[in-house]
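Each structure below is given as C-alpha cells.
You will see two complexes here that share chain A, one where it goes with chain B and one where it goes with chain C.
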Partner chain A sequence: MSSANARTPPLPVESGIWVVVFGELSIFTLFFSVFLYYRALSPELFAASSATLDQGLGALNTVILLTSSWFVASAVTAIQQAGGRERALRYFSCALACGAAFVLVKVFEYGGALRDGVNVLTDEFFMFYFMLTGIHLMHLLVGMALLGATALQLRGSLATGNAASNTLVGFSSCFWHMLDIVWIVLFPLLYLLQ
Partner chain B sequence: MSTQDSAISLDLRSYRNHHIAIWCGIISTIGLPLGWGVIASFLLPPLSPSATPQEVAAFVAEGGVLQKFGLMITLASVGGLLPMSAVLGDQMRRMEGARPVWAQTQLACATLTVWLLSAALVFFAAATFRADRDPQLIQLLHDLGWLTFITPVSMIVLWMGAVGAAILSDCGEPPVMPRWVGYLSFWAALLSAPGFAAILFHSGPFAWSGLLALWIPLAIFLVWWITLAVYLLRAIRDEAAAAIA
Partner chain C sequence: MSSFLIAWTVLVLATLLSWWLEAAADGDLVGTVVLLVALFKARIVLRVFMDIRAAPPPVRWLCEAWVLLACTALLGTYWLTPYFQTS
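Now for the complex of A and B:
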C-alpha cells in the first residue's frame, strides 16, 4: 500500500475546491458553536433529550461514512495507477452504496423519532438535532450526486477509451471527506455529549 | 475562446452600457441593507417572530416617515439587480457556448428574486401604511413580509447554482471568470438553502431573525454578488481591450 502510494504522485486538485471545503468547514464550525452556546444555556434539557437518541444508529452511520471515505480514498489512489480505472469505478460505486445506506439509516431514525412524538419543534435540542443532521443530510445528497456524476464520467471514459479529466474526481472526493469530517464532529456533539 | 466570441466583440459603446449595468447592480446591493435594514430599521435588530402583536404595532408606529422612506429607497433600488444579471447572463453565454441554459436560468431567477423582494417590501409597506389598525393585522403583514423575504430559497439556490455551473463548464483559455468564483457560487447556494426552515421556528438561530436563517445567507449573498460585480467589471474590460487591439 505504502509503496504504491510512494510511486503515485498526489492527485492534482484545483485550488478553487478549497473555497468550498474551507467555507463549509467554517460554517459548520459556526453551527457547532451556536449549538454549544444554546447547550450551555440549558444543559439539563439538552442532556435529557440527547439521552433519548439511539447511539447505536448514530455509531452505525459513523462506521458507514468512514467506510465510504475509505472507498473514495481507494478510488482516488486506483485512478492514478495504470489500468486502475475499472477498480476506481467499483470503489466509487461502493462509496455511493454507503451513502445510500447512511440515508436509509437516517430516514429510519427520523421515522422512529416522529413515531415517538418527537419532532423539530419539540424542544431546542431537537431543533438542533433535526436541523443540523438535516442540513448535513442535504449536503450528503449533493455529495452523492457528485460521486454519481464522477462514476458516470469514469464509466463514459472507460467505454470510449478517452482519458477523463480529474477535476470532478478531485472535487467530489474532497467534498465527501469534508462531509465525513463534519459528521465525525456532529455525532459526538448530538449523541454522546452528556 | 469560441468562435462566437470573436464574431460579436464588445465594442466601446457596448462596453459603456455593460459598465453602467454592473454599477446598477452594485448600487442596488447597497440599497437593500441600507434602505430596508438601516433606514427602515428592519435589521436594527430584526423583530423576533415571537414578538407580540403590540410589539410589532409599536415598531411600526415608532418607525414613522423615516421607515416608509427606507422602504421606498429599497423598492426603488431593488430592480437594479436586473441590469447586472443581464451582463452576467451575457458573460455566462460566453462560458457556455452556443446553447446556453444556465444563462437563461440565471436571468429567470434574478427576475423572480427581484419580484419576491418587491413583494416582501410591499407587505412591510402595507404594515406601515395604517399603523393605527388592529395590531393582529399589522403582525400578519409583518409575518408575510419576513416569510416572503426569507423562505422562498429555491430561486436563490438555483440562481447561485446556475452561475457556478456556467463558470465551471467554461473551457475557454483564459476562462471568463476564475474557477474559484464558480466554487464560491456553489458554496453560497448550499448556505442559502436552510432559509426555508424559518417557516418552523418562532425563536432561535433558524428563525427569520436568527443567525443561520437571516444573517449568514444575507452576508453570503452580498459577498457573492460583489465578487461577481468585480469579476464582471474585469471581464468586460478585458473583452473591450481585446476588441480594440
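Now for the complex of A and C:
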C-alpha cells in the first residue's frame, strides 16, 4: 500500500454512481436524525441499553472498515498504473477479507445479544440497533458481492490481457467507501453516545 | 508517507480519541464533539479515499453539502429535540 499516492489521476467514473452514493448517504442521514430524535425523548433508556454493547467490538469493526477503505483506494490507484492490475487484484482481495472479518464480528455480536435474550423487540434502542446495523450489514454484503465481481473481472482481464471496466471498479469502490462513511457515523451513535 | 497512510492513521486516532473522550467525560458537549469527529472522519474518507478533491466541481460541492447537511441534521436533532420537548 505504500506505493499508493494522490498524484495518480482520478479514476473516471459515471455520474450515476454519485446519485447512488449521495442518495444512500441522505437516506442514512435521515435514519441517524430519527435515531437521535427518539434518543432525546428517552435518554436514560438509550444510555442504559447502549452501555450493554461491547464498544471494543464496535471500534474493532470501525478499524476493519477503515483498513478495507485503504485497500480499496490503493486498488483504484494501482489499477491506473502500468502493470498495477495484479497489485489491484491483491488489494481488492484484502478488502474482501476485511469485509468478511466485519461480518464475522457482527455475527458474533448479534449471537451474544440474542443469547442474552436481547432482540429487536427488547426496547426502542435495540429496535434501532438491529435495524440500523442490519440495513448496513445488508448493504455491506452487496458491497462484498460488488468487490468480488470486480476482483473476478480483474482476474479475467489479467488472463486475457484485456482492459478491466472502469465502471465496475468505480462503482464498487465508491459504494464501499460509502459503507465505511455510514459505519463511521453509526459507531458513535450506537456505541459511544451515553 | 502516502496520503492514504496519513488518512488511515488520522482516522484510527480520531476513532480512539472519540472512544476515550466518551469514557472519560459525560455530557452533551462531549456528545457534540464525538458527532463532529465522526463527520470530520467521513469528510476525510470522501476527500482522500474517494478522491473527491480531484472530482468535477459539482461532485465536490455535493460532497461538502452532504457534510454540512449531516452536521446540521445530527447536531440540530441532538440539541433541539429536548428543548422542544420541554418547552
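Convention: the second predicted complex is superposed on the first by the 187 of 194 C-alpha atoms of A that agree within 3 Å, B and C clash if a C-alpha of one lies under 4 Å from a C-alpha of the other, contacts with A are read in each partner's own complex, and residues count from 1 in each chain.
By our rule, a residue touches a chain if its C-beta (ideal position, glycine included) is under 8 Å from a C-beta of that chain, and two chains touch if they have at least 3 such contacts.
From a predicted model like this one, the values you see are computed outputs, not experimental measurements.
Look at A:138: by the touch rule set out above, it reaches chain B but stays clear of chain C. Ranked by how many residues of chain A each touches, chain B and chain C are led by C. Judged by the touch definition given at the top, the superposed model places A:86 against neither chain B nor chain C.
Contacts of A:23 after superposition: chain B is touched, whereas chain C is not reached. Contacts of A:187 after superposition on the shared chain: chain C is touched, whereas chain B is not. Applying the stated contact rule after C-alpha superposition, one finds that A:124 touches chain B and leaves chain C untouched.
When the two complexes are overlaid on their common chain A, residue A:116 makes contact with neither chain B nor chain C. Once chain A of one complex is fitted onto chain A of the other, the partner contacts of A:59 are limited to chain C, with no touch recorded for chain B. Shared interface residues of chain A (contacting chain B in one complex, chain C in the other): 30.
Residues of chain A that touch chain C in their complex: 1-6, 9-11, 18, 22, 25-26, 29-30, 32-33, 36-37, 40-41, 43, 55, 59, 62-63, 66-67, 69-70, 72-74, 76-77, 173-174, 177, 180-181, 184-185, 187-189, 192-194. By the touch criterion given at the top, residues 178-184, 186-187, 190-191, 193-194, 197, 200-201, 204-206, 211-212, 216 of chain B touch chain A in their complex.
Listed in rising order, the residues of chain C touching chain A in the complex are 2-5, 7-8, 11-12, 15-16, 18-19, 22-23, 26, 31, 34-35, 37-39, 41-42, 45-46, 48-51, 53-55, 59, 62-63, 66, 69-70, 73-74, 76-78, 81-82, 85. Residue ranges on chain A touching chain B, taken from their complex, read 14-17, 19-20, 23-24, 27, 30-31, 34, 38, 120-121, 124, 127, 131, 135, 138-139, 142.
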